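Letters are used for the chains, namely A, B, C and D, taken in the order the chains are written, and counting of residues starts over at 1 for each.
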């Protein structure tokens, strides 16, 4: 990679960081030098790189090795000094508005996460405490807006998909946007971008000015999946479990497009929650969809669910092949049901308080080799717990594929060993193999996929 | 073509037609039955067909032969009854907001045009009177907005261009949008759509909510160039001359992309005006641009200008090859100059009153065989008059290619005969031949191009 | 009166006059020199004097004898040059925003009235044509706003009332404002100001930001009743008949407070219309109200209606004594009825098209001695026509009291002679005498009242 | 007092309390039953009584002895159940919007104050910690708005003043409003209402829609000085010292109208701060003003400052007699200076961080007899400390006059004894005597004033 164009600039915040106390400014100052600095620098670089083609974190970090960001205090507030920043983030020397917004969103979330954790209010030892923490992070990011009917549609799926699948996600987003629905994704490329792009055009056609394109990410993933520039609300949750909880509590319905192990992880997380007896009566529209070419993939996923979690689990979603209009109609109908239900129960629209999430889903899963090997994948555990364990298995595989720590562990100790009941392990192995065959496990820009796990029946 | 999906619906206006007097409602009612009805039905069909692929008027008219639109009066105002309307204009039975807006814009403009002409105020016998008429049509369409700095960029070019050229217009639109500039086009596909689409995404990135995508069209052309759905302001001017005057008085700068005879007509119209001695000191940024593949085309156009109108004419524009950023920067700088000039002169930003337009440019040119043959294309007429005459030649060719009346004339009397000084006729013939060779004269969806003219030296 | 403080200033328009054609600017220029100039100068002076105590036109005109207003044309629009303008209209050299708005409203209406009259569209020979003219003047003034439910309450009554009555009007306005209702008056002092002031405070309490305080006046009266500064929409109708028609077509209900001959004129005009058989089923809430001290006055007016127009006429209004809350509640209930009715009939909310107004009410009444003497005030004419004639009688008396032409006629020929059936003349005389006794006929700031009429049985 | 009209109602919040976590809803629930309940009930009653004439806390509490307010939790948020609430707070069964806002502002502030104090973030042991606490309370109340230039004018003065003085405050408020300035007061009647009322009318004239009428009060005082209904932002600070700090940090300039001991306390507090050497160069416009009739009072206050704190102290304010326009002009000029200064220093506009406030001014003063007697009122202490001590003396007198605890102490132990240097005590006694003579120490609605202090030279 040739030396990229860089620029030095000084930017002041707009929005949430405009009214700070002197104590808060000092706290932000610590980010400029202390332990959080490396994290913020990395997020900042990813955001400044928004819109660029390259979405490999390592490549970006190397390309802009001399990039630096400093936080300056002044009586009036805070100001960022950027040195050797990617020139693409600027137009004629002025930072693009959305980039500037996202930069300060990242600063806000990183500092608030830390600051709240330090406070005595946060109680991460209880399930209710974790949910409360998620709520506060989202509210602080101004994501929770009273007065809006349920219309936030979460779109999950791969960040590295085929052109055909990408175009399909745009079409679905377009149909959703035509029905005045908003989009929430993990905020990177691929499925995380397509629906937002389609909805942007559709919102323009419907003269919807206040369309929301909400991106929920996490520090460890943001660099690998730099937020796409359509995102007009960015929230950085501290880890994958809180990010997933944010998705299911803020979203009113979920569409799952083709993807790899990460998508399977999300799908199993969702099924595990929806299958819990306490959530039996809770309306929550879920749709699996893709173009005709993805039909085999979707059917295999569907079969996997049937074989491992049972026919009951298959009741929680619909599969729609190659029909964006039907997807949007079906979702719109499901959201009406959600609205009716919440009105009846006097529940808030902006946060799904009633959804019960078992603590086991909220606890971070540390993908050590021991933990992976210890996963109980047998048919005698209740289905929603089995879903939780399968979710962890996929989580470990994602870590082994793309996350720093996981990659190092694999390099050190070899592939994870996953074992359990053959009636589970066999379909699991087949599914994972299919992901590999369909190039859904390939690292972006990387070489051939070298599996980071071994299924042991 | 298979029988398309149709829908019956009843829609009431939003915006300019909400407050009507009973007399005005009656006047609109006449459109439902009288002489204007056919015109309105045709425009309505084109608008309802927005976004569809087919942009051939005749094909559309045939496909929806049983489409009907009726205007119903009620005390409260007006209401349109649509029968067998294209289903694509609706989402779950509800008309798309932008389509509804455009439908009533068309009704508004057709009625107002007629109504004003009937009034004693309009004086189409004088140049000032024509300009005044153009002003009133635009103001009635709420196009003239005080308080906005000069930032309306007109984009001209072909409606049927190559994919590569189309992508290039999107990129230029994106760069213009990043600089908070608005887009005005003839509101059809191709060059009329690309820059708007690019600017929409860029405006989203810059958090510009009030971006303007102004489409200026005419009844005779709207069906052949159905407005693209990005257009958020639609104006229908009564004929090509008033449409061209609207472009140059409302736009603050003009970008010319590759196109065919129509684009050449527009370019010559513009040059003819800017070359007039009265406009000598008036800043008016004009840029010719295209991707690398269009370089030869642009250079040939440039050469044609030099050979026929002289080097002086070439001073009025810049050529930029394959550099969207440079195009946008150069335009932004030119607009600053326009703003400075108008402030100094206390001139309005929303309408270029100071631009002198010779009456010969304002008068409709009737492309009969006699008129075409009589065009004085010799080097002894002043350059800006020669430009006017060349403009008329191209206008006739466009009519012979795509307009009803022109096509009928050609069918009846054979190709037009154009003649003049060989030093003009030779480059003209070469240019037209190049258009043919590059498939720039091909009718959309049509067969091989059969020239509607013959150059006679 | 000592020489008042004056100021020279140059102001440019905001709002309706920002987008003018060169022809319109020229037309406005004529106001600066031609026949309309005197009229505009007088209105401008009254508006600049807004808020000052003195509301006697003659006194104001004399105090500012060297005031001058010039209209300057420039390419960009129009600009007013004020010489020796009342300093109270300015704060630290800058004109108060509402004054500036009203100044350009006056210019707009005076020019538009004239310009429309010149056009062939206006047909003042038919009842429908007059209504259409009224509609266009109001629409041009942006008074007709679609999308608002019926909530415009017209308040009629004297401009010179007792402190107690004035405070009562404020309380009624306050209660109306608490119910989110808007106020429309003749826009001068007294009853024309009190309800607006009360509603302003109530709207602030209810956080209503878009409260409307609509003043409808006429050129001949504006100087005598300078618009109060609360007015945020000012319309100048060409004469009293069109002003009255504007009131009853734009207002959704009417409250009548104590007043003199002018108020009686308005009341009779209203009764005459509501009694017309065509308007039988049209809901139109009318309330007569005042403080306890005004009870005798209201009862006398009520009795006068009963004796001359009959018990049927008394069904068209309610009398409420000393109970502002009940007035507002009753009006709010009546407006709900109006809304229901118009929704059923699909009638517009912003203009009462269905209200039938006889041409005799629309024609200006010229209060010559001959016309006054010829009024048919007998019991054999249908009640709604008798109401029309009584209205004219009061109109003549108002002219003889306060209008230039009327005063001159009286000075020349002595008091008007009014005669008719004693059963009408006797109560009429008693009512007028009561007005005199209660000082309701006194000219503002003037001496004892010298009757301008003589009742001849 | 006859049994007043009451109403039962259920209201849900608008604004800051719309997005609550379940934990927060539970916390609010505690207010419904626990220790804060009595405080909230009292504030709620005062707010519901807004606009009523009676402003004596005790009288109100007795009149509505059976008033009750309950806080109901629901998934969606919080809801207040009101029983036997004053009917004046409702219009046709619906609570007035401003009352509803203020009710939830009170709930918000009472809960937040308590909740923050419980948190580990608040450090009331240091001066910086107290300022930080004040900042957070204000920010949580959404009082700190970035992007507004300095234009918040604090008006101090008596809540029980003469009609003439009240009218004067309205005129000053009107002149301030004409210059687009905002008003901040203690939010009760008298001086706390007049300027807001005047500014409301002036803002309407200047078409200023976003005028701010900020009321800063404290729980112990709100019942005695029920917020006037013009207030559109209400903040309840926990005690008088934090309230005073809020005034001087949020306000950009201060106008002092005639008042009693409370006003004197505020004036001395301000002088003590401005006289501190660290604040020497800080621009802070202060104006003493009143009508002609208040001239003697103002001059006596001025003389008192000169005799006790010296001529230097007199440099910090201007005295303007009977000239509202001059007051507003002078304040506007002072604010320009504040703006210039803060821009130069990059200081925030919304919070005066640079103003140094000695800890002694921030610490609550407990007006026990011992503390009052111990006050060091001698000429050997530095002037700004003497000002602080004099401030405390007046604070005690206010407590003895109107605050529950103070009144009980006086009843128990007799009048406070204040002593010090005769050169201070003599003018102090004279000033207090003048307050008594001018009925400025009279309790609202109460009997003759019985002094709660004795000056002992």
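Everything below uses one rule, namely that a contact is a pair of C-beta atoms (placed from the backbone, for glycine too) under 8 Å apart; a residue touches a chain by one contact, two chains touch by 3 or more.
Keep in mind that what you see is a predicted model, and the values were worked out from it rather than measured.
Peer 1: Considering only chains that satisfy the touch condition with chain C, which of them also satisfy it with chain D?
Peer 2: Shared contacts of chain C and chain D: no chain.
Peer 1: Let me spell it out: compute each chain's centre from its C-alpha atoms, then which one is farthest from chain D's centre?
Peer 2: Using the mean of the C-alpha atoms as each chain's centre, the farthest one from chain D is B.
Peer 1: On a C-alpha centroid basis, what's the spacing between chain B and chain C, in Å?
Peer 2: Their C-alpha centroids are separated by 48 Å.
Peer 1: Provide the C-alpha centroid distance between chain B and chain D, rounded to the nearest whole angstrom.
Peer 2: Chain centres of chain B and chain D, defined by C-alpha means, are spaced 64 Å apart.
Peer 1: Report the inter-chain centroid distance for chain A and chain B in whole angstrom, where each centroid is the mean of the CA atoms.
Peer 2: Those two chain centres are 45 Å apart.
Peer 1: When you check chain D against every other chain, which residues touch at least two of them?
Peer 2: Residues of chain D never touch two or more of the other chains.
Peer 1: Where on chain D is chain A touching in the complex?
Peer 2: 18-19, 21-23, 74-77, 119-121, 128, 132, 135-136, 139, 144-147, 345-348, 350-351, 353-354
Peer 1: Mind pulling up the chain A residues that touch chain B in the complex?
Peer 2: 51, 91-92, 96-99, 101, 178-179, 197, 200-201, 204-209, 229-230, 232, 329, 332
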